[in-house]
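In what follows, chain A forms one complex with chain B and a second complex with chain C.
So, the complex of A and B:
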C-alpha cells in the first residue's frame, strides 16, 4: 500500500509545478476561447464553439495555417540539410577550428528580434545592403523590392529562419558526432570503405537520435516563431506572409478579438501536441525495431 | 453597450468564473509579472501611476521632469511614470486591464476611446472639468475626447498632416511652389521624373500603421468619407477615383518602387535623403529634418485638392484618460491639471513637435511664427478626425489589406474596394 503511493507523492511537487505553469494557462485559454470576450479580456457569455466556427469560416485562417506548414517545413528541413555538412566540417581537426566554431555559434548570441530588424534594413529596396551588394557584384542592374510582395519576401524569411536555426542545430550534431567512437572509422577504412560509405553506414545511423531531437525541437520553435516575420513584413502585404502566430497576434491585440485569438492558440497547441506525440511514437518504434 | 452601472455585474461574473479569491490573486500576480515588471508594485495611497506612450527619445525625460516638479509642489503625492513604446501600447493596456493591473492614468489613441468608454473602463472627467479649465483648450482638439456629452479624456498630443516637398527638386522641374491640385501634382510629377537623377516624385506609404490614412488623403480630396450614414465609404465613387489616382502614380513610376515595402518612417527617410520629392506626414518630420538633414531645402504645403476643390487633412489627437478603477482619482486629476498648464504644454510640444492644444500656448512665438507649423495650423479648420466608431483598428486593417492588393496589382480596384467595404459594414453593424 505505501509502496503504491510513494511514487505519486514523490512526483507530486513537480506535477504541481508543471500544472501551475502549463495546465493552468491552458485552462485560462480554454475559458477565453469558449466565451464571448471583450477586448480587455472580460468574459461575457459562454458561447461554446462559436469562436472556433467564426475562425474556420475565415479564409485568412486557412491560408495562414497552410503557410505555417510551408514555413515550418522549409525552415526545419533547410536547417537540417545545411547544418549537417557544417557539423561534419567542424568535427574535422583543422587549424583554426576553434575560431570557426565560435563564428558559427555567434549568431546565437544575438536576439532573434534584433537579427530580424537588421535583415529588414538589409532587404530595404533603395538603401538595403543586399541590393547594393548584388549590384556591385554585377548580378543585377535594378533594385529588387524584396519585402514588397510575398513571392520574394516569404522565401527570404524562410532563409533568415534557416540562418538563425543553424547554430543550435550544429551544436546538437557536434555533440552527436563526438559520441561516435573513432575506431569504427579505422575499422571501416581497413575494410576499404570510402568517406561516403563511412558517412552513409556509420555516421548517419549513429546520428539518427540527434537528428530526431533537432527535428522535433526545431519544429516546435519554428512553428511558433514570431519575430522574423513580424519584424520584416508584419505578415503583410495584405496578409500574404502571415503565419498562425502573426495572425493570432493581429487578431488579439490589433482587432481585439481575444476569444478568436485564444481559439487559434488552442488549435496551434493541438497541432504541436499531435505532432510531438506522433513523432515520439514513431521514433520509439523505430528504436525498438533497430 | 456596457454602462458604468454594469461593472459590478461584470465583476461578479469574472469572480464567479475564476472560482476563488486565491485564484484571482494568483492570476493577477502572474499576469502582471508577465505584462510588465514595473507595474508589479501595487499602488499605495497617494501614488499615481501613469502609462505614457513614447513618441520620441524626449518623451520619458519630459514626463519624469514634470513628475518631479509636480511632486515638489504637492508633497505626499507620488507620480510613477511608465514609458511604453507606442507600438506596444495597445497590447500592454489590454493585458493590464484584463488583469486589473492598469495604471491610474494612461495615454491612448483617441480613436480607441469609444471602445474604452463602451466597456466602462475609463471614468468621465465632468466633475473635475470646470468651464475655466475647458477654456484652456482649442475646441477642435478637445471635441474628439467628448462622447455622449461627457469628457472622457484630455488631448495630450495633437497633430495634423500636410505635404512636405523638396524645393530643389521642384525648382529643377520648373516649379516655384507646390501644386495645388492632384491633377497639377501629377503633371509636376511627370516633369520631375523626366529630369531624371533617380528621384521619385511622390513618396507613397504602403505598409503598416496609417497606410489606410495615406489613402484617405486622396479620398477626402475627391469628396469621400470613411464612414457615411453608418456605412463604409470605401466603395464610393470618391474612393474608386482616389485608388485609380494612386495606382496611376505607381504604374507610371511616379512613386518609389515597391510601395508595399515602405512604412511611414521608411518614406520619411527617403525624403530626408532627397530620394523622393514629396511626402505627406505630420509636423514632427520638421524636427527630424532639422537634426538629421539640416541642409535639405524643403517647405510644407496643404495636401493637393481634388477636382471639386475638396481638400482634406487628418487631424489626430491622443487622449490621456483616467481609469474607472483608479483609487486616487483626485490626485490623478491634480496631475492632469498640472500637465495642462500653458507652461507644461509649451515644454512638451516643443520637445515632440506637436501642435499646441492650449489656446494660450498657441500664441507663443515658438509656435505662432514657425514657418511649418503655421501651415499645419491653417489646415485645422478643414481637418477630419477619425470617426467615432467601434473597431477602428479592425477597419484600418481591412482597408490596408485591400489597398495593398490594389497597389500590388493583385486585385481590380472596384471589386476589391467593394469587398472591403462589405466587410467593414459588417464590422460597423456589430454592437
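So, the complex of A and C:
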C-alpha cells in the first residue's frame, strides 16, 4: 500500500455508506418519477415527464409550494433576527450565563416530534394552557381553537419552528463571536466607538461567514422540516397547512400516488440545489468584493 | 460580588426573559400535565392540586413505554457506533492529508445533508421494501448512521485539526507505523472529541421521527418518538397525562446529557461548518 492511497482508504467506508443510503434512493426516485407507477409501487411504462405534468396541474401542489416558501422564509428570517441579540447577550459575562445557555439550548435536546405533540396539547382549544395563560394575562377574553383553522395554526407552527431553530443558530453565532479578538474592541473603545458602532463596524462584518452558514443550513433544515407540522395538524384541516414535505408524504403513503410523490422529491431537491448554488455564488462574490 | 456585574446581569436576564419564557412554556406544560390527576387534566390550571407521581408507573404499564425505550436504546447505540467508526478515519484523512478529491468529498457531505431523509423517504422506502427490511430496527440503524456521517465528520475534523502533529511526528521518528501511531498516540488525544461527537450522534438518532414513522409497522418495534406520537395521532380520546409523562420520561435523560455537553458544540460545530 503506497502512501498516496491512504486518504482514499480512510474516507472509503464513510463514502460507501453515505452514497448507498443517499444516492441509491435518488436512483429509485428518478425511476419512480419517470414511470407510470401503480399504488403498490409496481413500475409500468416509461412516461417521461407525465408525472411532473399531473403534479403541476394539481392546485394542492402550488398551494403547498407557496406555503413552503412562507414557512421557510418566516422561520429562517425570524430565527436569524431573534438569535443575533441572544447570542450577543450570551457572549457577555454575567451571573447565571451557564444556566441561560442551557435554557436557550433546551429545544435542541428534545425530539421535535415530542415538542410538537406537547404544543398540540398546549394549543388545545378548551383545555390548552396557552389560552388560559393569555386569558390570565388579560390579552384575550375568549378561547381560540388554535389548530382548527390555518389562519391561526400556520403562524403558530412558524413560531414553534423559530423556537426550535434558535439553539442551533445561537450556537453557530457564539462560535463566531468567540473568534472575534477582544483587543479589536479595546482599540475601538479607545477610538471612541460606541456599542452600536462596535457592533456595526467590528462584530457584524466578522460574523458574516457565520451568518451565511447559519442562513444556508437553516434554510435547508427548515425547508425539509416535517415533524412540527405533522405532529400538530398533519397538514390539516383540509390540507390547509400542508407544506411540500407533508404533501409529499401524503401523496406517497396515504393516496398512493408514488410517481407524483417522487416528482415532488426531485423538485424539492432541485429547489434546494439551486438555492445553495446561488447563495454560495453570491456569498463568494461578496467576499471577493470586500 | 461585584455591583456593576450584578446590575448588568439583572439587565441581561430581563432582556432574555421573553425568549426564555417562550422556550420553556411547552416544557412547563409537559411537566405540569404529566403530574395531573386524570380528573384534572382538562382543567387548564397551572398548579396541579395533587402532584400525582402514580401517573408514571401507570403510563409505564399502559403505553408500551418499556419496549420503545429498549428499541430506542438499541437503535441509537448501534447508530452511534456505526457512524463514529466510519467517520473517524474520514475526519482524520480530511484533517491530516491533502489529496485530490478532498474538496469533492466535503461537497458530497454537504449534499448528503441537503438530501434529507424526508426528501428521500419514497426512494428509501422502496429500497428497504425491495430488500425485505421493512419493520426492522437494523434498517433504522443503517439509515441513521449514513445520515449522521456528515455531522460526525465535520465535528471530528474540526477537533482533529486542533491536535498538534508534533506527537505523531515524534512517534514516526521512533519508528512506529502510521496505523500504530494513529491507535496509540492520536486516538487517546482525540478521545474526548470522539465521545462528544458520539453523544450528539446518539441524541440525533434518539429523536429522529420521519424514517421511524415510515419504516416501523408493528407497535413492538416503535421507538420512543413514534410511541409518543401514536398515543396522540388518530385517537378520539387521548390520556394527555400519560402522553406528557411518556414525553417527559423520554426527554429528561437526553436533555440532561445535552445540557452537560452543549458548550462543546459551540466550538466544534461553528468551526467545522465554516471551514
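Things to note:
Assume the second predicted complex is superposed on the first by the 270 of 290 C-alpha atoms of A that agree within 3 Å, B and C clash if a C-alpha of one lies under 4 Å from a C-alpha of the other, contacts with A are read in each partner's own complex, and residues count from 1 in each chain.
Quick note on the criterion: contacts are C-beta pairs under 8 Å (C-beta built on N, C-alpha and C of every residue); 3 or more make two chains touch, one makes a residue touch a chain.
Fair warning: this is a prediction, and the values are worked out from it, not measured in the lab.
Once the two complexes are overlaid through chain A, chain B and chain C clash, as defined at the top of the document.
In the superposition on chain A, contact of A:166 is made with chain C only, not with chain B. In the superposed model, A:17 makes contact with chain C only, not with chain B.
Of the two partner chains placed by the overlay, only chain B lies in contact with A:236; chain C stays clear of it. Looking at the shared chain after the overlay, A:126 reaches both chain B and chain C.
By the touch criterion stated above, A:254 is placed in contact with chain B alone, chain C being left untouched. Touch criterion met: A:41 reaches chain B and chain C at once. By the touch criterion stated above, A:76 is placed in contact with neither chain B nor chain C. Which of chain B and chain C touches more residues of chain A is settled by the count: it is C.
By the touch criterion defined above, A:147 lies against chain B but remains apart from chain C after alignment on the C-alpha atoms of chain A. Touch criterion met: A:28 reaches chain B and chain C at once. With the shared chain A as the reference for superposition, chain B clashes with chain C in the stretch 131-139, and the other listed options (131-139, 167-175, 203-211 or 239-247) are free of clashes. Common to the chain B-facing and chain C-facing surfaces of chain A are residues 28, 41, 126-127, 234, 252-253, 258. Across the complex, chain A meets chain C through its residues 4, 6-11, 13-15, 17-22, 24-29, 32, 41, 82, 85-86, 89, 92-96, 100-115, 117-122, 126-133, 163, 166, 171-172, 174-176, 178-179, 209-210, 213, 217, 220-221, 224, 226-227, 230-231, 234, 245, 248-249, 252-253, 258, 261-262, 265, 268-269, 272-273, 276. Residues of chain B that touch chain A in their complex: 2, 10, 13-14, 17, 27, 90-91, 94-95, 97-99, 115, 119, 121, 206-208, 256-262, 266, 269-270, 273, 275, 391, 393-394, 397, 400-402, 404-405, 407-408, 410. Residue ranges of chain A in contact with chain B, taken from their complex: 28, 31, 38-44, 124-127, 143, 145-149, 153, 233-234, 236-239, 250, 252-256, 258. Residue ranges of chain C in contact with chain A, taken from their complex: 5-6, 8-9, 12-13, 15-16, 19-20, 22-27, 29-30, 32-33, 41-46, 82, 85-87, 89-90, 92-94, 97, 99, 101-102, 105, 108-116, 118-127, 129, 142-143, 145-147, 149-150, 153, 178, 203, 206-210, 214, 224-226, 228-229, 232-233, 240, 243-244, 247, 250-251, 254-255, 257-259, 262-263, 265-267, 269-271, 273-274.
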